[in-house]
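Okay, here's the structure, questions in a sec.
We just call them A, B, C and D in the order they show up, numbering each chain from 1.
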């Protein structure tokens, strides 16, 4: 299992003009501790940087953070870019404070799933949640 | 005017098993300062005590306080007792925290007016409000 | 027989007990032996005294709300909510005002009306009417200890029923549940009736069952200077200890000035140890309770949160063993369970953030403590003198003479001559000392401090200043501003 | 030309200015002479510097929210609401993140999208895009002074437009608006760009128009030790003063431990006086701003109120000149105007209750102040050494060398080697000093205090402890608990 997990490569970053670095740093630490290979492109990452990093590292999933409120604008089109780049099936998760203001989460989630994300996470999600879901989505359910 | 006001006699008290004494003390002070003759029967006053005090002092108005939440139970029937006692037309005001809990004031007011009170006051009413209304209700509007 | 601070003779107790249990049908449900057996099966985590002692040892402050509604199942739902959603460390069962006045008939109507209109028409839980089994249902429904909180001058039947009902803590006292809560009850009578209550608790203690007792600290909740509430707390501690009470939580209601409030909590514990020791009660465990501001609250909920949080901060910095929590609905009416839980959560956030930050004993804090101690000792010594060494007797006589006097109390057995007002920093001082037996030195401190404020405000201290102070916190200040 | 802390030559300034104003069409709206004339007509009650000085004199703490939305009229409605319903003493105009990165084109899309969906799609007010006239409409619509708050490494155009637009205070600095707010902007560049900003403010000052300047105190808002933010504040104060700035508000973000926080606010003012005096800037008025906890907030609104109120209490006890207010929505998203006003009201309740209760300077508070001063001086002196006496140059070199280092900063021009962690009482200490130029004496204090905590928790200090501390306040604690 430990071995299998190591094969999963994740691209991690904070999209747009967003500089919130703390959650990103913790996610990197927690995901690495959990055995994933983490490619952290850091804050202020453009859609292109996400896609390129995924291509270059042959990543299994892209984890997008957006904290500052412009997530709705910044994330639009990312799935399409992935398709163009020939990695249309890559798993994409998104989390943080995705929209401006305190909004009904069910609505927000719907919006981001419709954009092509496989999973969306509300404010305050703990890294363990992402780890559990990754393992589940890649078929490691039993083992953790 | 000062003279005329002096003629207004008010019975003041806190009804039921209610011991909230602070507002009562301030009301007594403020109403007296404003020139009224105040007959303060204090806390834990029964309906009978209110009526008797009004009869004995030939009062112009009865000011009932209820703070502790049982106002709805305690005040019911006071108007009827006044009618029985032959002072059915006496002005009756009620104020305080009249019901149990934070309820819609419009509803509460309606309830107490229906019980026969001429005016009802929400939590936190300042004595000046009662003073102004008394003067208005007894035709002293211009002079203050 | 003349009132005195002497342990009630057991036979005499049993004689009175007949009458007490006969005063309302549910009294018959109480079987003392069965009650002791029931209490002895209550696990430690539901025992109040244990949890308090533990908290004292750990130096943390526990949070406890007030709460009570008319019907049993609604009450259980309420308590569970406060435990699960509020995170209450300790729970209450607040008793309604009819029960507090022994008006069980009216309480009964309230219960019935509540049933028919579908909301609580009572401002608390009528435990006497509901009886022993219902009380047990309540305490068993939660995972933390539950206390009876009320305001009952004659609480004998309520105590019998609720202790048999499995409550492990009981608030009140012969002074603190009379002077602020009644108009016409002679002090001598209420003290006697509370000797009964304490004797019953003492009996449970003899049988190995710890029941926590808590004199009601804040009294009228409105500008009560620490020395007044401390004197009452210590008198009631002495009265309770004599009857065999072993777990005592002494209370104080926040005034708002940090130095005074911390000094008050700490001096209260020290004074209590001093007096209990002096009169030979050595095996009593003293803990403290700090009440968030007990006077008029701001109507705005955000402002109320500010008041609540500042109370929590003070409790933590004082290291009170527990804090009684207000709610954002305070100014409006009995809180919904949501508002109540909100008050607890705000409180616990602050308690947790401050749990390792006790206020250092700087010089001004020490002198404030010394001042409070000197004032309290002055009152207590004079009362002992008045009672020829007996504090029960001295208290009755002292109240008559205004040697001890509670501001804004409704009772006619209280002189009501004090005028408290805040000083420049918001500490509660006295503008009129009534008959308090203070020496000139103490009086001069008060005068000086109030004078300083008068100067700053450009007015002479007067009753208007007192009124302004009563409204102040409700209007978003601490020290009342001149109009 | 090598960077140095020298007043920008006016002709050189005007040359750069052409470029700046040409970088977006609205730049053409700025006419400096007309702007000076407009500013000189702004009445005193809308002038930031005046109101701050007055508050400092009176020893009170003013409350200021953060707020900004995409569209002008919505923004005006928001500010009026915060003034009327929140009781804000000072108002902000928070700029959106695209504008902060000079991405005016994206800001424009945000404005248009906001118009079409009927809610703000931007996290602030895009002042550059809206232009001078719109800014004037904003500041004229309220009765209190308004400040520009942002996070812009190159804020030259924004400054031109907003000062011409009638704002009387301006947040930011070449370090504090770069290191926490950018990834790729060389420090040398941002410092230069902020010299421009300060020079412009200095020009207004020369013309008799006071514009308040406020370096951004909290930096990354997450476990930043006082000495780090103090160093940055004082550097930016020196840089600003050299360009002619006369009204400076220095900031600090709450850490949560009362003693450390009060010591920080007071030492900040004292250190600033010391360094400004030493370098000959004698006519600068220094005021302070305390930021309520800037790190992760609890999601629960009641708990958030607890955090907010404790921040307000600390600000009042420290006697900061103003406090920046958080809201109960903090953890969730940009607050509604109602939530924002709620935060202000809770804050003001506490400020008012504590306004006459400054924390006494007890021994531990004094030593904390001395520690912070020693640490800050160690950093500043080393930077001066690195810059051959020039603080601008020394800062650039010092950041390279990690002599000064901001925890959790996104910038690649920041060493990022510090590991802060709380000590047993919740004060922020350092677990890893990186390259900070601290002597052994100072380091020993930190080690000792963190060791004490490690012992209490039965674990060795590690990155996990840091993570626990980052989550702590959000989870209702101050000191992070081991899992």
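The rule is short, and it goes like this: a contact is a pair of C-beta atoms (placed from the backbone, for glycine too) under 8 Å apart; a residue touches a chain by one contact, two chains touch by 3 or more.
Treat the numbers as computed from the prediction; the structure is a model and nothing was measured.
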In contact with subunit A and subunit D alike are the chains none
How many angstrom lie between the centres of subunit B and subunit C, each centre taken as the mean Cα position?
31
Cα centre of subunit A to Cα centre of subunit B, whole Å, reads 65
Averaged-CA centre spacing for the pair subunit D and subunit C, given as whole angstrom
45
For subunit B and subunit D, what's the span in angstrom between their mean Cα positions?
54
Going by the touch rule stated at the top, which chains touch which?
A-D, B-C, C-D
Which subunit C residues qualify as touching subunit B in the complex?
97-98, 100-101, 103, 106, 109-110, 113, 119-123, 151, 180-184, 220, 222, 295-296, 299, 329, 331-336, 339, 408-410, 463, 467, 470, 474
The subunit A residues in contact with subunit D across the complex are 16-19, 21-22, 25-26, 29, 42-44, 68-70, 72-73, 97, 99-103, 123-124
Flag every residue of subunit D that touches subunit C in the complex, lowest number first.
256-259, 298, 300-303, 305-310, 312-313, 317, 341-350, 352-357, 360, 362-365, 424-426, 473, 476-479
